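Two complexes are shown next, each including chain A; its partner changes from chain B in the first to chain C in the second.
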Partner chain A sequence: MVHQLSLVAEIPQPQYMLSVSTLAAITGMTPEDLSLHVVLLKPKFPFNPEIQAGKVNQIEQYRIRITSSFDSSSGTQQRAQAQAQLESQSIFEFNKNSNDLTSRKWTIQVSEIPSAGRRTVSSQNIYESTIVNTGAHNDLIGYLDELGYSLETEFWIKGVRFYHNDIIIEIYRIYVKSDNISTVIVPIGEKEQDLAKLYKLELLDKTGKFFVKCFVNVERQTGVESITKANKQLDLLKNELSGLIDLEIPDRIAMDSRVNSKIGISNYNISVRKK
Partner chain B sequence: MKLNPELVDNCHKDEYIQEETTLKLEQLIPRIIQERGSFLNITEASLEQEISSLDENNIEQTKKEIDEENVDDHTGSSLETTNMIIPEDDTIQKSLDSSALTYEEFVNYKTEVVNLMKSALNESSLSLDFISLLISCVRPAAGSISMSPHLKQHITIGSLNSDKLLEVEEEEGSKEKQLEKTLKVGQGWKLEGLETASKTLRDSSIRLFEEILKEKEYWNNIFKIVKANEVLIKMSNVGGSAKDIGVKYGFGDSGSKYFDKGIGILKKDFNSGEIFFKPVVNNNLDKSHKIVKVKISYKKTPNIHGESDVVKLFCTSTKTDANDIEGNRDESIDIKIAKARFYLFEEELFHELIREASTLISYQVQVINNVITVELHDQIIEIVEASLPQGKSEIDCPKSPLDLKAEYVSSFLRLMLCEEHKQNLSLKHKAPKPLPQQHIHSNKDKPALLLRPLIGHSRHNLYIKQMLNIVESVIQDFYPADSKTIISENLDLKKYNNVPESESRDPFIRCITSPNSLIVLRDLNSLSDDATKLNFKINISNTFNFVNLLMNLKLEIFQDNRTETLLDVNFTDFEAIEDCLRWALKRN
Partner chain C sequence: MNSQSQQPAQPQDLQQQQPLPDFSNVPVEALESLRLRLTQLTHSLAKLHKEITQPQQQQQQQQQQQQASSSSSSSSLSALLLQWPSLQNQFNVILSQLTSLSLTSDANYSILNSTNVYPLPNFPTSQEENLLTTLLRRKKLPEVENWINENYEKMNHNDNKIDFIRDDQFCTMCLKIIEEEISNYVFQGYRTTEEVNKGISSENDQKFKREFGETDWSQGKQETLGIPGAPGPIGGFSVNEIYRFIYQGVDPRP
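Up next is the complex of A and B:
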């Protein structure tokens, strides 16, 4: 479990190359590839606790976010960024015996809403764990089902990552399944029956803007020294990048992963498919 | 006497009598002062009185005229005349108004008067100041009282004097000469003034030119530095406020963690414009430039030793000719920077060596008086800090094998320091862990890996030799007949056991991994039972600090198509392992 202090920004597509080279110069490293397949899970059964006096009554259900890296073997970094097209398997359709999607290492993450109040950085508690053994089920979906969660949405993240002292800087774009383009069926794995349906992906934000997230993980929320150190580092980074990338605090309501959260539900394209 | 009738005609304009109304204000005012006295005596009441009396006069005059008219036209009652008079009052007023000034005109005249008064005041005060300045030369008190404070502030009292020039009586013709003389004086002064002005301008242009040359020199040098691929940084001047250009000649950016960051400020020499750079040091250490030098000698012959060549190292690193290693002020700035960088590296190297050597005291490494002494089994390696030898050095004297070995050791140490820097850099590029970061093996405290590979690997080779000797003697004791064949066929030595196959050819990787070798004695016929075969696997390794010895003996017995491990023991002593080997062979 970590406490994460973060700042976000957005940059338009023409500014991407400049930002990447600036960050490469500041951090002194070549950008690390960041390709994530993210799936959001929703609890299957509603939880209505009995309201008892004297006990903590604010118990809420949270969504779970599972992520895994996917292999984005589409040429060099620059070209991959230039093309807004990707192909990937969807979580909703998979072959139980296929060894790609469900054999990847998935990381499970639950995050709280960031702390309120006037702050210089957004600070949030995040709980994370990697699924190593799915127990009785030999696939991920069964395991999650037993946990009591069903698949809600999926999206893909593609970008780059930099490390600067204790700060992790991520620049990426979000891709979703494209509706109109037809899918491709490719064989994966050794057996002939192992076919996977690949969907073409398209950008969620058609303008092609990139999302920048800079964060520092701190072990405990109560560690004052660590928190001040992290704050100072983020401030320094903000000053250094000001003008090119304007880092600011994200809207805390938008980072609420609770089931009853007020994030614009009408904007979500929820397509839950029954297994 | 005849009177010209035209003169008394109303239309005649007498040039000597000026009409009051056509007089200009400047001429009008003196006349008024003459007639009425000073303006000081005018009061508002008197003016009003005058105006009202003037009005009455006008009204009476017009009344008279109207009366005459009325008498002519109407011989009637006084009522009518009074009636007549009343409306006539309006016309009287109107006629009065037309002869009076409009309001705007009045205001204009007023401002004109005020301005003239102001200028008159200014002129009078200027003349007052002039006179008082003149007087102050003779009578300072009188002068200073009447001088204006502004003049007193700016001009010292008594600085203006006047004197009477007596006119020399001369002939008529000398008037022109005198005129010429005065003209000449004026011209002389003008000429002097022009000369001073031209001289000042010329001097400043010369000065500017020199300044430009200095600046050009400075910027040429900076350009030279940039061309030499140095890193220039903008630094804020500690003392002043201007921003200076500094050069980063140290290795901080390539992973060094040395406290001296190697930053120098490029300053301009005041007189010549030449550039020189001054290293920024945090503490006031007096830096004497030293180079790390390696000396090797055999324990048997301590007087004969081989040395690493510092002059060659210096010359190749800083691209200077061997003949003028003294260094002079004329050498270009990039060479100076290269030299500074070289000395900084040497300083850091020695610093890290001392730090590491102090952890290796139990392995025959000593640090006494800034000399590191390493004892390998038959050689002694000394690492010292030496300065460049003064005077000409013999560059091309033949190198003894010991000299060569010393050179190799010296190069090896430098390579290992570079590798250390590279490791530090790669650590920076790993994902940061959540704060607070606990450095389990804190990088600050862990010394660089410089001497340990050297000592560790040479010791390891010794151990291998020793082990092989033991095994061979054991085989000779137990299998006297075919010992030679056994030694040649069944005995295997595999070095660098812990290096993965893909990298095992790389000498560098072999160097930086802790040594680990495997001696295998295969398919020995059991002395008691011919059917069984014995396999001995002896693993010699050094522990993580490269220098400690750890041996592992494994005995496998192959019996009835099964492999069974009979022994798996760790040893740190050769006698013990020998005993165990003999016992195992005896028993089996």
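Up next is the complex of A and C:
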């Protein structure tokens, strides 16, 4: 388990190069590539415990995420250069023989809703574990199915990452599978008939703006000393970047990954889904 | 004071006999400020003079002491000037005082030039004789006259002859060139003039494309509502909408 303290911001696309050069100057490093394929999974079986007096009734079901880094220029190098387009296979067409998806290391992640109260940074518990072995058949989906989770949605994160003291700074955009199925088909595995579709990825946010997340992972929620230190570092970074990247605290309700959450989804429906 | 209090009737009588002097056209405030400026100018000039001459004396004394105490004499006999920032500051002060002086006297030129000054009957003539002679003096002091003549001679001497019109022209030309040069550069913001004129530089464009491997760079630029660098809404989804997508799978797209 880690306890994550974070701040977020958004920057318009034209400011991307400027922000990256600024951060490169501040951190003294060239940015690291950040390419993540994220799959969101929800529990297969609804769990509705009877709420009884005297019983612990705070039992909630959480969504989990599995992530792996993806090769944004999958396929042959020449084609990737020629097309200049992000592509990836979809988890929904998972094939046991698919070299790309099965050869990756996937990491399972569960996150609690961030702590409430007046704070200077968002603070949240995250549980993480890397899937080392999915069993004899090398079947990721089967493995997750046994855990009781089914696929909900998938998306891709592409951006850069910086390290500054204990802070990890990520600038990224979110991509989704485009509706048009790419006709590009690459042979996978040894057999010729095992074919996988490569999907072209498109931006979730068409304005092309970037999202920034600065976070520090602390071992425990109770480690007061390290939390104070992390808070101080984030605060310093916030001051240093203010004007260019205005870091702020994200809405904790938006970070609620519980299934049937009473605050999360319902609020969303009222306030945002009016469009 | 004493004489006035003992004989209060006399000035009153005089005032009754003669019409009250008319001060309405006298630029009293301007004259007063002139006096103040002159005092200040005298002070600053004296200070400058003192500071230019004094350190040399001090230095000379120090050197003499050094020579007396030790045989190894530091051979820095170079002319000792003040630190340039302090010198420049003092010159600035003096210049602004001179400017203020000349502006004030220039504004009241006609009235000052055509005014005769005489003491009022109640002026304590015998007591303030020195002041009176100073105030009423119209001829320059002999030494001042010498300075002026000396400078005129220098100015008209062939070697040092200054053509003021040409000098002014040269200054104007310099200023013009500086202005032109300044306009060639951008001293604010994060882009060079070249980049501003071109939009985002093509090099950045290519770098961006290399990194993200995409073709919607220019399209995205158009759709972005905000001007780069300007605060305010930049359109698109908010961080919280994106987080809802990440954590809850809620697609923010309509």
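Quick note on the criterion: the second predicted complex is superposed on the first by the 235 of 275 C-alpha atoms of A that agree within 3 Å, B and C clash if a C-alpha of one lies under 4 Å from a C-alpha of the other, contacts with A are read in each partner's own complex, and residues count from 1 in each chain.
Here, contacts are C-beta pairs under 8 Å (C-beta built on N, C-alpha and C of every residue); 3 or more make two chains touch, one makes a residue touch a chain.
Treat the numbers as computed from the prediction; the structure is a model and nothing was measured.
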| item | value |
| --- | --- |
| Partners on chain A (chain B, chain C) - clash or fit | clash |
| First (chain B), second (chain C), both or neither touched by A:N125 | neither |
| First (chain B), second (chain C), both or neither touched by A:P12 | second |
| Chain B versus chain C as contact partner of A:V216, first or second or both or neither | first |
| First (chain B), second (chain C), both or neither touched by A:N231 | neither |
| Which superposed partner A:Y163 touches (first chain B, second chain C, both, neither) | first |
| Partner chain(s) touched by A:S150 [first = chain B, second = chain C, both, neither] | neither |
| Per-residue contact with chain A, leading partner among chain C and chain B | C |
| Colliding stretch - chain C into chain B, listed as 6-14, 96-104 or 132-140 | 132-140 |
| For the chain B and chain A complex, residues of the former touching the latter | 253, 425, 428-437 |
| Residues of chain C that touch chain A when the two form their complex | 190, 200, 204, 207-209, 211-217, 219-221, 223-226, 228-229, 234-254 |
| Residues on chain A engaged by chain C in the complex (per definition of touch) | 8-18, 38, 40, 42, 63, 65, 72-73, 80, 83-86, 111, 152-153, 155, 158, 160, 173-174, 203-209, 211, 248, 250-251, 254-257, 261, 264-265, 268, 272, 275 |
| Touch list for chain A against partner chain B, complex | 2, 27-29, 163, 165-168, 216-219, 223, 225-226, 229-230 |
